[in-house]
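In what comes next, subunit A is part of two complexes: it sits with subunit B in the first one and with subunit C in the second one.
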Partner chain A sequence: MIRVENLSKYYGQGRERKTVLQAIGLHIAQGECVVLKGVSGSGKSTLLSLMAGLEKPSEGAVYIAGEPISKLPDLHQSKQRNRHIGFIFQAYNLFEDMSVYENLLAPLIPRKLPVKEVDRAVSKALEAANIAHKKHTVVRNLSGGEKQRCAIARALVNDPEVILCDEPTANLDKDNAALFTRQLQQLKGAGKTLLIATHDPLFETLSFVDRVVTIEQGRI
Partner chain B sequence: MAGSFFHFLLLTLYKNRFFHATTLLMAAVLIFLLASGLFVVGSLQKQTFLNLAQQPEFVVRKLRGGRPVATDEQLLYALQEIRGVTAVRGRVHGRYDDPVFEDTGFELVGIDIFEPSLTRTLRKLTAREFEKLSPDQMLVSPAVKELLRQNYYESEYLFHRYEGGTMRMEIAGVIDRDYALQANDVMLLPMEKAREVLGLPYGTFTDIALEVPNELELDTIKQTILSRYANVEVIDKRKMAARYQTMYDMKSGVFLSLFTVVLLGFVLILYFKYSHVLSSAKREIGILRSLGWSINDLLRLKGFETLCVGSVAFMGGFIAAFIYVYGADAPLLGRIFLGYGELPVDYDFKPFFDPGLFAQLYLLFIIPFSAAVIVPVWRLCIIGAKEAMK
Partner chain C sequence: MELRILMDTGVLIYLILQTILLLFGTYALLGALQILRRWNFQATSPRQYSLEKRSYLVMLVIVFLTFAKIALFPFFAYTLDHLATMIPGAMCAAGVVEGVWFGEALLVLKLGLLFSGGVWLLLNRLDLQATDYPFMRIKSVLFVVIYLLLLLESGMDVAYLQGLSTKTPVQCCSVIYGVSGEQNALPLGLGTATLLLLFYLLFALQPLLLLQRQGYLLALANGVFLFVGYYAVVHFFGTYIYELPTHKCPFCMLQREYYYVGYLLWGSLFLGVFFAAAAAFLQATVKKPMVKLQRYSVWANALFTLLCSYFVVSYWLKNGVLL
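After this line comes the complex of A and B, so read on.
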């Protein structure tokens, strides 16, 4: 489902050049749940954003569902990202002054669906993320855990095969973290391909995690 | 598509309502200023040329010692004989200063009350139905009427005759405001009475108006007059037209300074918009990109946004200017263009709407207005979503 080939990322030029990822190769099968483990600064977030095409690799390529997402022209790449990838950011990256419903609307707009289907997709994602009761609450007024559930709902609204999570438990208390792992298990049950970047040891103990990949100074 | 896209469009408009309201208001004010200027100038130009069209092709005056003097009837008859001249008219007019009104003079115009076409002319000139002028009646412009009224000349006015003594004239009516643009300080009185006040001997005129319908003959006729009579001056309507042209030209000083102010303001708005997108809208764009919005999707959203705001501002400013100039006769601004004469010009602006100009103005406005958003959005799109979200 996800294939990373010889992926490198540098920042800066010449003497200033800083290597963040070095010749990464990784294969994640459909329905697999992989934990990407590493200390802060090891390059986890960078790898995830390369996978989602949020920045361009310096070398190598990322394939999502067989498509070389890192090499596609914008229109095609955006479509690919929109349909196949749900991204749960560490900082959530929600529109704070919009309601939960309106936040979920955003990923659906490029699909140009009829209103009925939009509403159905939103309801389904809200149910799945357990946040339906806050549908019309403005995000700013949500608690940390609720914000994350909103972020999950938004990642699910287009029913993507791949879910990428960046430090999902970093901002959560113990109860909410436990709740999150249960939600992950449900997603796994639903056949999603999951990649979780984290330094939280919690994930190593989970039964449904298929594999733990360790990243260290940009190498796997 | 339409449903959720427009829902989201309204949301983002609402989210940034203070920013949008600010740019909308600023842009509307600028459009209002510019459109008001255009309306005033356009309307004045149109009116001036309408008035000019009624003017004779040539005006001939006699000179003595290089200065205009009274012109006698012989010249009138002689000019009538020139081929191509279809009508000649002796005119009596001139400046009259009343010692009572400091700094204010009147333009006296004599009218031939025995002329058959006069009734028709008067009808055109006066706001009120008016049949016939008797020898001791006169018509004045609205501004003159008001000035006289303030000095207790309610229904009649006392002239000082050139040869001494006074002459009482009844104020019989007020000429139409349209004619006041070129004749703001005018008094129309029977020709013989005008001669008495201005000191023109019986049977003489201030000048002679010639009508020449064939444009091709204008130059030869002018040459004929100049070569046949020494010491005459021929005033050409074409020259006057050129003078008026520069007076109310779009490139005139007043208009140019207005235009400069508007342009500077506009550049300011553009800069304001541009930097707002790069700062405040940056995160929003990054997030939408990360959710799978293509550059096209984003340009469409932001394009619609700015198009909505820009079009509302444009229409608002334009309509406000229309009402201001044609409804309220452009207080303040009209003053600047009409100038501060001795008497206030009470002018009624006639609607002047040029759809071509409107379209041009709209494009000249909306293209940079949109570009100030589209360009930074595009820039943010190509730096990548991760960078934009920071």
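After this line comes the complex of A and C, so read on.
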């Protein structure tokens, strides 16, 4: 499902050049749940951004569902991401002044679906993330855990095969973190491919995690 | 270069913009040459990624350059028309164009540049719709050609403006296109009636060719239509715009007295021909029929034909006679 080949990322040039990722190779099968473990600054978030096509690599390639997402032109990269990938960010990256419902509409806009289908997709995602009761609440008025659930709903609204999570429990308390892991387990049960970048030891102990991959100084 | 001409606001603005565009073009040329030398979309090397990144900027610069050139052409025509007030004997842009021996060639070059730029824009659009930049090399080659034309145009612009004199009288439309003028005679011994018959037949042929999906023939028909349309306007329809049977000029209609209708008239003809020619070029390059562009061509030519006919019908309705 996800194939990473010889992936490197540098910033700057010449003496100023800083290597963030170096010759990463990784293969994640469909339906697999992989935890990417590493300390802050080890390159986890960069790797996830490259996998999601949010950034271009300096070298190497990322394939999602057989398509070289890192090589695609911007427009096609966005379409590919919209179709195949759900991304849960550490800081949620929600539209704070919009309602939960409106936040979930955003990823559906490029698909130009009929209104009924849009409503059905949003309701399904809200139910799955257990946030349907806050549908019309403005995001700014939600608690941290609710924001996280809204972010999960947004990641699910397009029914993607791959879910990428970047430090998903970093801003959650213990109870909400436990709730989040239960939701991840449900997603794994639904056949989604999960990649969780985290330094939280909680994920190493979870029964549904298939593999833990350690990243150190940009190398796996 | 005469200071009076150089210091004209229109000329100054034109020259400054042209210089800026040439600088932009030079930057884009360096990028295009690098793409031609090193582009390999399959590669996942740092060089290829950095080239892809640079290509976004290069393409954006070319898009900007092309749109700016499209906007600059009517401005150039307007400036020429305005310069007529400074050049003895000139009453419209016709006299100013004739003021230097290569004036007409410069206009043709400018039109050629617009056509090439337009084709580049369409090719770029097709390239961005694909997932693997299939036309990156063709686009780059085409841009190198466009740049060379741009360079030639800039040189000719300077030489042309330098060659214009505010002291030497020039011939203008009444002489050039008048009864005894060298450009008065219709080509191939055509009479006005035959010319008009050919004009309307060629127009009627175009929707038929579109329906039959004959893209190359449509382009050919448009090539002939450009030629026939030009003569039909100068020798027949133009006289109804001016409401003077002896006044035959392709430029006076660009003036305020005629509500600048020349811009719309010539613009629609050039657009019609451009879309048909571009469709044929792209069909040959991309190996796909370009029906949408062909449809635009027929619509633009329909506008041109309607406009031409409107002036004749309107004159007849007002006066009950034809010129």
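As a working rule, the second predicted complex is superposed on the first by the 220 of 220 C-alpha atoms of A that agree within 3 Å, B and C clash if a C-alpha of one lies under 4 Å from a C-alpha of the other, contacts with A are read in each partner's own complex, and residues count from 1 in each chain.
Basically, a contact is a pair of C-beta atoms (placed from the backbone, for glycine too) under 8 Å apart; a residue touches a chain by one contact, two chains touch by 3 or more.
Predicted, not measured: the structure shown is a model, and the values here were computed from it.
Per the definitions stated earlier, placing subunit B and subunit C onto a shared subunit A by superposition produces no clash, and the two fit side by side. Legend: residue contacts after superposition of the two complexes on their common chain; A:Asn6 is shown touching subunit C, with no touch to subunit B. By the touch criterion defined above, A:Lys112 reaches subunit B but does not reach subunit C. With both structures placed on the common chain, the touch criterion links A:Leu75 to subunit B and to subunit C.
Of the two partner chains, subunit B is the only one that A:Arg154 touches; subunit C does not reach it. Set against each other, subunit B and subunit C differ in how many residues of subunit A they touch, and the higher count belongs to B.
When the two structures are aligned on the shared chain, A:Ala132 is found in touch with neither subunit B nor subunit C. By the touch criterion defined above, A:Phe87 reaches subunit B but does not reach subunit C.
Contacts of A:Met98 after superposition on the shared chain: subunit B is touched, whereas subunit C is not. By the touch criterion defined above, A:Gly60 reaches subunit C but does not reach subunit B. Closest CA pair between subunit B and subunit C after superposition: 8 Å apart. Common to the subunit B and subunit C interfaces on subunit A are residues 56, 74-75. Chain contact summary for the complex, subunit C toward subunit A: residues 41, 44-46, 49-50, 52-53, 56, 128, 131-133. Of all the residues in subunit B, the ones that touch subunit A in their complex are 1, 3-5, 7-8, 11, 15, 283-284, 286-297, 381, 384-387, 389. Subunit A makes touch with subunit B in their complex at residues 49, 52, 54-56, 74-75, 78-83, 85, 87, 89, 93-95, 97-98, 102, 105-110, 112-115, 118, 154, 158. Those residues of subunit A that touch subunit C in the shared complex are 5-6, 8, 10, 56-61, 70-76.
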